[in-house]
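Have a look at the structure below, then the notes.
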Amino acid sequence: MILFTWYLILSGVLFSIGAVGVLIRRNAIVIFMCIELMLNSVNLAFVTFSRQLNSMDGQIFVFFIMTVAAAEAAVGLAIIIAIYRNKATVNVDDINLMKW
Amino acid sequence: MNLPILTIITFLPLFGAIWLLFVNGENQEKIKRIALVIAIGDFIISLPLFFKFKLNTSEFQFIENVSWIKEFGISYHVGIDGISLFLFLLTSFLTLICILASWNVKDRIKEYMIAMLILETGMLGVFISLDLFLFYVFWELMLIPMYLLIGVWGGPRRIYATIKFFIFTMAGSVLMLVAIIVIYFMNYEATGEYTFDLLKIYNLDIPMGAQFWLFLAFFFAFAIKVPMFPFHTWLPDAHVEAPTAGSVILAGVLLKMGTYGFVRFSLPLFPYASHQFVPLIAWLAIAGIIYGALVAMVQEDLKKLVAYSSVSHLGFVMLGIFVFNIQGMEGSILQMINHGLSTGALFLLVGMIYERRHTRLIADFGGLTKKMPMFAIFFLIITLSSIGLPGLNGFVGEFLVLVGVFKTNVLYAVLATTGVILSACYMLWMFQRVMFNKLTNPENKKLKDINMREWALLLPITILVFWIGIYPKPIISRMDVSVNHLLTQVDEKYKITLNKLKIEDEEAAYAIKEDESTEHTIEVD
Amino acid sequence: MPYFFGCSYLDLIGYVLLFPLAGTIINGLLGKKLSKFVVGIIGCTAIGISFILSFFVFIDLLKLDPEHRVFEIDYFTWIGSGSFEAIAGLQVDPLSVVMILVVTGVGFLIHVYSIGYMHDDDGFYRYFTYLNLFTFSMLLLVLANNFLLMFIGWEGVGLCSYLLIGFWFEKKSASTAGMKAFIVNRVGDFGFILAIMLIFVTFKTIDFTEVFHAAPEHLQMGSFVAIMITLLLFVGAVGKSAQIPLYTWLPDAMEGPTPVSALIHAATMVTAGVYMVVRCNVLYTLAPFSLTVVAVIGGVTALFAATIGLAQNDIKRVLAYSTVSQIGYMFLACGVGAYITGIFHLVTHAFFKALLFLGSGSVIHGLGGEQDMRKMGGLKKYMPTTYTTFLIGTLAIAGIPPFAGFFSKDEVLLDAFSKGSLFLWALGAFAALLTAFYMFRLLFMTFYGKSNMSKHVEEHVHESPMSILIPLLVLALLSILGGFIGFPTASAINSFLAPVIGGGHHGMIDGGDLHHVSNSLMFSMMGISTGIAVAGILLAYLMYVKQPDLPAKLVGKFKLIYTIIYNKYYVDEIYDATIVKPTVKTSFILWKIVDVKIIDGFVNAIARIVELKGEVLKLFQTGYVRNYALSILLGGVIIIVCSLVLL
Amino acid sequence: MEIVIPPFDLKSISPILIITISAMLILVADVFFRKTFRDSLGYISFLIVVLTAMVACTQMGKTVYSFSDMFVVDNFSVFFNLIFLVSTAIVILLSVSYIKQEGINYGEYYTLILFATMGMMLMAGGADLLTIFLGLEIMSISLYVLAGFRRDCVRSNEASLKYFLLGAFATCFLLYGIAMLYGTTGTTNIKEIASFLANNPSLSNPMIVTGTSLLIIGFGFKVACVPFHKWTPDVYEGAPTAITAFMSVGPKAAAFAAFTRVFLVALPDVEQKWSIILWVLAVLTMTVGNLVAIVQKNIKRMLAYSSIAHAGYALMAIIAGGDFGSSSLLFYMLAYTFMNLGAFAVVIVLGRKGKENANIEDYSGLGFKHPLLAVTMCIFMFSLAGIPPFVGFIGKFYIFSAAIKNGFIILAIIGVVNSVISVYYYLRVTVVMYMKKPVREFAPLSLSPFVILALIITLWGTIHLGIFPARLIDLAQKSTLLY
Amino acid sequence: MLEGLLFIIMGLITIVCALCVVFQKNPIYSAIFLIQTMVSLAVLYVLLHAQFIAAIQVMVYAGAIMVLFVFVIMLLDLSKTDVEAGRDNLLFQKPSAVILGFILVVMIGIVTLKTVFQGTKGEYTPESISQIGNTQLVGKMLFTKYVFPFEIASILLFAAIIGAIVLAKKQIIEDKKV
């Protein structure tokens, strides 16, 4: 039982690392990767809970999250490509035409 | 009375506005004529109200009650009594005057007239609503056309003025909205019925603590509109920037909504709180009377002067309302009408010379009597009416208010009476500087005396000024029963609350006594 | 002709009011189109008919039993609200009849005089409109049967006074003087209104008869309420009748046309205060303290104004101060309880002061508008009729028997002595000395000595036309004979007015035994006052005819006193500095600082703060995605922490 | 092991089906009949939406759980579906000429809009957190793309990127919250969560509380409440105006639908916690939205902040809860749909290719150059400001009533004070239109019949529903959540 | 016990790799480390008896999705340009991010440790799962209980593909030229 708690804490750590990564990186793709990291941490939590509760729902949820991740990856990368074509940069700090 | 006469009167202008929408804007004469016809028609069909009004009942008359939003218990419930009758008539009368006064508006006459007519609907609606929600809707509705009137056709600082006007009024009234909703649910808890119907809510006995806050919420809405010192600063700005007709309506009708609100809502709904607030309101009113007069005295702009004089005059009205006796109340209502007439007329007069000279600075004038004798006569009469010269309308209302106040509190009366002196000071000083002395400014030498249209504007008002001054009985007798009813209603509810308070006190005293006795026994033990 | 188509003239009392009103309306609306002649005729006729009617009313009233010489007629309810009721109704009793006779009588003469005097003025019809309106208001004032209606008249005359003082509105001093008159009067009205309200609250009615009827039962002798009512009423009277401290408007009022000064600011309007006090004598009698105040104010004013009169050089101003002074006498009389004497002096004063004003008007007219006495002199030969009548008036005011002023003034002094105190008498007596002095100073400076006129004026000096002279003559006659209605021991006016005093049928007040003073005292007083008057005249003769350089020497010697008196004790300046200027200054502060800076500043500051907050909050929107993510995370963490820890 | 595939209750998802299938068909049509069909694609999709709306109407009055409690059709969801469909329909009308003018006239545009609509309907009808999540993702992904639809425009790219990165970021929080709820309750089904929480102590369980907070972050992002709002102005400004209009109403309403369902149905037992959090968030949202809106110069940005503020008002409805709360939310969202879309419609009408004319100053003198358009704009502004007799007033009134009924008087007062602040910037638009001299020549308006129709619909909604709201209120009251 | 040891090892690897994802300057390295993280997570999934998830974690996630990432990085030639080199415009961003991340970890840790799990126990114990087979079970659920979301997921992917195509189409450049 105790072990599951550590799985969850691991997931929390990964989530935080991902979140911090989103905040401190400036490369759009790396930011996106950090988001993937966060999603993975959520997956870990789901799988852990699923195991802990003896229910399959969590695993199914992970399945869908992965689907979504794939879809987001496709769109997200397309967006990054589009913006790179126009601005030749993926530095999010340079992408701040609109503010205030 | 199967004919929904109030609805017809109220919505006829709106109909006229819609009609005007489809008229070609180029055809100025036609637009003006249509608007005038609508206004005249509206005034004429509102006259039977005066004659058919039953004197001997305190019930609301010409009632119409149709469910509007039944889910909330909101109904289109309208009717008038002796209190609203004259404000209603005044509104239709002044709108007529105003449309006639706007004959020389050149640009965007179509939009102007549309705004004017919608404004009339809003104002009329306020005075006949017997449903809190409906009242609030009309109350806010008429902000929009007024806002546009000031903002589009106003003077150089019109945008500042109009936004100030709008936000000031809005800020006050939203709190009232909250209070209305609170009352609504209180009523639901007490009776199990969802309703905004004022006549039903009148029966609601609001707990004392709640009364305080609710009264305060209503107070801000109304006090800003009145405007009471120190919420008055929007008024001079709005008046100065507004076009003539806007000023007339503003002074003549809009300000009355605040005082009317106090009479119609604050007093009967929160009798206990109203009594509790008397000192505050009385002192603010007195401050308004004196302050308004003093500040008016040193104004350099005619309209500003009249605007500050409004603050002073409305102080009388407020004072009269919050003395809870018949003279004060009737005086106040009469004074509302008087102020509507005389201050409205003053704005018309100022507008006339502004139209000719494009300035309102007192310093630019002087000696106008020489060039404009008829104008001078009207100006003098209206000035005197505003001062409260006996025999003219202003005096009757002012004196009744003072009598009413004197009956309750001599100090208030004495202080308020100083307003009588001060009003003479600022009005006459202004009159002297504008109309008397040597005609030195060459610009003024070309002035023309008033024309027929202006005669037509001033004469009816002047006749009313004399009529009310000399024979106000037809008016006072129509409000007598209603006012009496209102006052007894307030008084009874107040007494009930007081009794409750007394019982509570006694109980508390009893409890304390018991406590003491038990303590005592303990000690004995 | 006591009955007119079957009804008593008393019933027609309303027409006394109606004709002047009709005159006003006709002249006011149509006057511009009518010729001056017609306008004048209309104006005079209206008053003339009124006078005739008043006379018949007087006759009719005389027919009644003295105790029941009260006639009331109610027209309609003017204001009725709850228990408050003000009825538009008239009341005829001896007092009001005396007053309407004076008002219409003197008024008529002055109207006639005005036709000639104002003939060249552009505002001729305006003038007559105002004048008729004035008469109407004044009649309303004296005929009203309740306080509020009286107040209409009270304010109405004030309005007319305002209009007529400022008749030549292009002159700044004139319009200012009019305004000053109105505003100062308003100060008095402030008291009057409060008094009316207090009366209403005390008696639940404002009807004269009812109030006076109820007063003795309702009010304790000398009770606070009685004192307050009477004092407040007296404030009104002080304002209207130009007593200390509200007298300053009257001298300025001389900016108006001279007939106006005669009618309004000498004969009638300014005496309304006296009328009011006498009307309310029942109340005053209940408040001895107030009576003392009235007496002292009256006496002091009499003296005070007289001293100022000594050093004035404007012919009309001298007369104005003398008016103030004379009204002081009237109040002095009322204050000692001799109401009838007050009215008596009012009547005689109306005659001789109207005469004096009209006479001075004749002089001014003849000199083409010159008012400064130093630029006159020696007019006796140019304007003999005017001189004669003026002399009569002067003798009357100085109190030389058998002219009208002698009887009334003597009686005032007698009453002051017998019912008041030595102090009050001394005030009056000294004032009488001064009056005689400055009036003769005026006479001498104007009509005697060598001419100081400029060449141009001198060539044009002429005696006035008949329309001016006839009223002068009539008034002169009245000034000679008028005193005999109050002849000591057989005073007609005394017995006629007696019922009015003390509420008529409530003869508890010593109205009847007004003259229970010993004859010896009476005659010695007469002697003394005549002596005083003669002394004053002689002094004036000495200084202005015998040794014309004496005044200058005296001035040099008593420079300080002279300057103070010459400048009217600087009262106007003091008022200006202590009341007017501070008020205006305060108002400016209220406007520029309280209104604009504080209240509006507060409002605008809120708006500004809201906007500033917007500006500041806007800066958080940096445009950096990472920053946005930070705010999400920050918000999230705060929410989680709060939800776990705090809540 | 045998697999019994449960019966497909297609009837319950018929609106979704119609939308989905037609979206695909449009794509196909775009590919194959590009020449013939292209211009009428918008027209067709409009008709489809109207058809769907009619179908959706027939679902009124029933409560059907289908697909093993994954999806629910109840009045609440139907009402929201109608809101989505109305907004979609209007947005399509606005888009037809707009995308032609902007040169982005592709069939995918309509397909994505329809997909987004479908996602929203899933959110409103999701009876399981999974369905809600998937609906949210479909909607979001479509919107990410739509926001960046003007591919050659850097601002559009930027909007898309910002929206995408932050959206994905926030989704992680949402998912983590779902995971926590799942972990503690053992289910993701809303009803089951509710019954579990009702039977077990939930307030003392920190993971439930944390999960709730994380859900607030996730939904809060979608409804744009402070402090998760920062994407809104930038994305609204950069996105094509028609899409901005769409984003400001449809997705927001959808997020509120899910928000309401999750919080009022699944988590009422944690209300003690979340209502306070939401209370603070609502106040912050209203205040920040209104304050910053005051200083905006771009009308799209201003409307973005105004939409933030409106989210604050709508949050009040959730806080108030109960029948009154949720019905007021329904009413408000529909009201908001009309007036906000109307405002955007005017913005679109005035925009030009390459020059959006979206600065408020650009509207100077509009009032007398194009009076009808200006009056229309005025009406929308007044309605947004909550001034009678327009629908915005009734909506606000309804929400404040709900708040007061449930004892949130302070909140209501803050709300009304905020609406006074909001008056200032709405008025500024009218001030500029009527009281300022024009700073430029107005190009003749290119009013296509579609746009005019859109304006008429929104105007009708704003005025008619403002004056005669009774039927709609009745409907909203019948559409409250079943507990 | 072995499980515990494996967990500790894999957990540490995961964390280190995750940190590397965040702190590697070169995006391509970040991507590689992310793949590594995912693979180690897959191991953990296996430990949790979620074999199917572990499999698709490796195949779909680490395989397909991350390849896409790497591909884009290569395509845009991002590995050479160091976007992080310049001065950080947001001064407080880094420290506050780290602090917040730390707080988040602590909070989640506390929450996890304090929570008493009393969720309804399902029927799928590891034993029963291994009896039926994890993959089979997932498949069964996807086609019964989760058939609706499953269908939706297809639409989601469809929408994403359309979106990706719209945004990444070459035509853009042509548009720009015209």
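Should a chain be cited, it is by its letter among A, B, C, D and E, assigned in written order, with residues numbered from 1 in that chain.
Everything below uses one rule, namely that a residue touches a chain if its C-beta (ideal position, glycine included) is under 8 Å from a C-beta of that chain, and two chains touch if they have at least 3 such contacts.
These numbers were taken from a predicted model, which means no experiment stands behind them.
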Statement: Hop count on the shortest chain-contact route linking chain B and chain E comes to 2
Task: Would you pick out the chains that touch chain A and also touch chain E?
output: C, D
Message: Ranking chain pairs by how many C-beta pairs touch, which one is first?
response: A-E
Query: Taking each chain's centre as the mean of its CA atoms, which one is farthest from the centre of chain B?
result: E
Message: From the centre of chain C, which other chain's Cα mean sits the farthest off?
response: E
Task: Compute per-chain Cα centres, compare each with the mean of all protein Cα atoms, and return the closest chain.
output: B
- line: Taking each chain's centre as the mean of its CA atoms, chain A sits from chain B at a distance in Å of 64
Query: If you average the CA atoms of chain C and of chain D, how far apart do the two points sit, in angstrom?
result: 78
Separation of mean Cα positions, chain D and chain A [Å, integer]: 26
- request: Mind checking the centre-to-centre distance between chain D and chain E? Centres are C-alpha means, answer in whole Å.
  value: 30
- prompt: Which positions in chain B touch two or more other chains at once?
  reply: 167
Field: Contacts with 2+ other chains: residues of chain E
entry: 89-90, 93, 96-97, 100, 104, 107-108, 110-112, 117, 119-122, 145-146, 149, 153, 156, 159-160, 163-167, 172
- request: Could you list which residues of chain D touch at least two other chains?
  value: 130, 134, 137, 141, 144-145, 148, 151-152, 160-162, 165, 169, 180, 183, 186-187, 206, 210, 233-234, 424
- prompt: Quick one: which chain pairs are touching?
  reply: A-C, A-D, A-E, B-C, B-D, C-D, C-E, D-E
- prompt: Which residues of chain C touch chain B in their complex?
  reply: 32, 76-84, 148, 151-152, 154-156, 159, 162, 166, 169-172, 174-176, 178-179, 182-183, 186-187, 189-190, 193-194, 197-198, 200-201, 583-584, 586-588, 590-591, 594-595, 599-600, 603, 607
- request: Please give the residue numbers of chain B that touch chain D in the complex, ascending.
  value: 25, 68-72, 108, 111, 133, 136-138, 140-141, 143-144, 147-148, 151-152, 158-159, 162-163, 166-167, 170-171, 174-175, 177-178, 181-182, 184-185
Query: In the complex of these two chains, what residues of chain C are touching chain E?
result: 622, 624, 626-627, 630, 633-634, 637, 640-641, 644
Message: Under the stated contact criterion, what part of chain C meets chain A in this complex?
response: 618-619, 621-626, 629-630, 633
Message: Could you list, by residue number, the parts of chain D that touch chain B in their complex?
response: 367-368, 371, 382, 387-389, 393, 397, 400-401, 404-405, 409, 412-413, 416-417, 419-420, 423-424, 427-428, 430-431, 434-435, 469-470, 473-474, 477
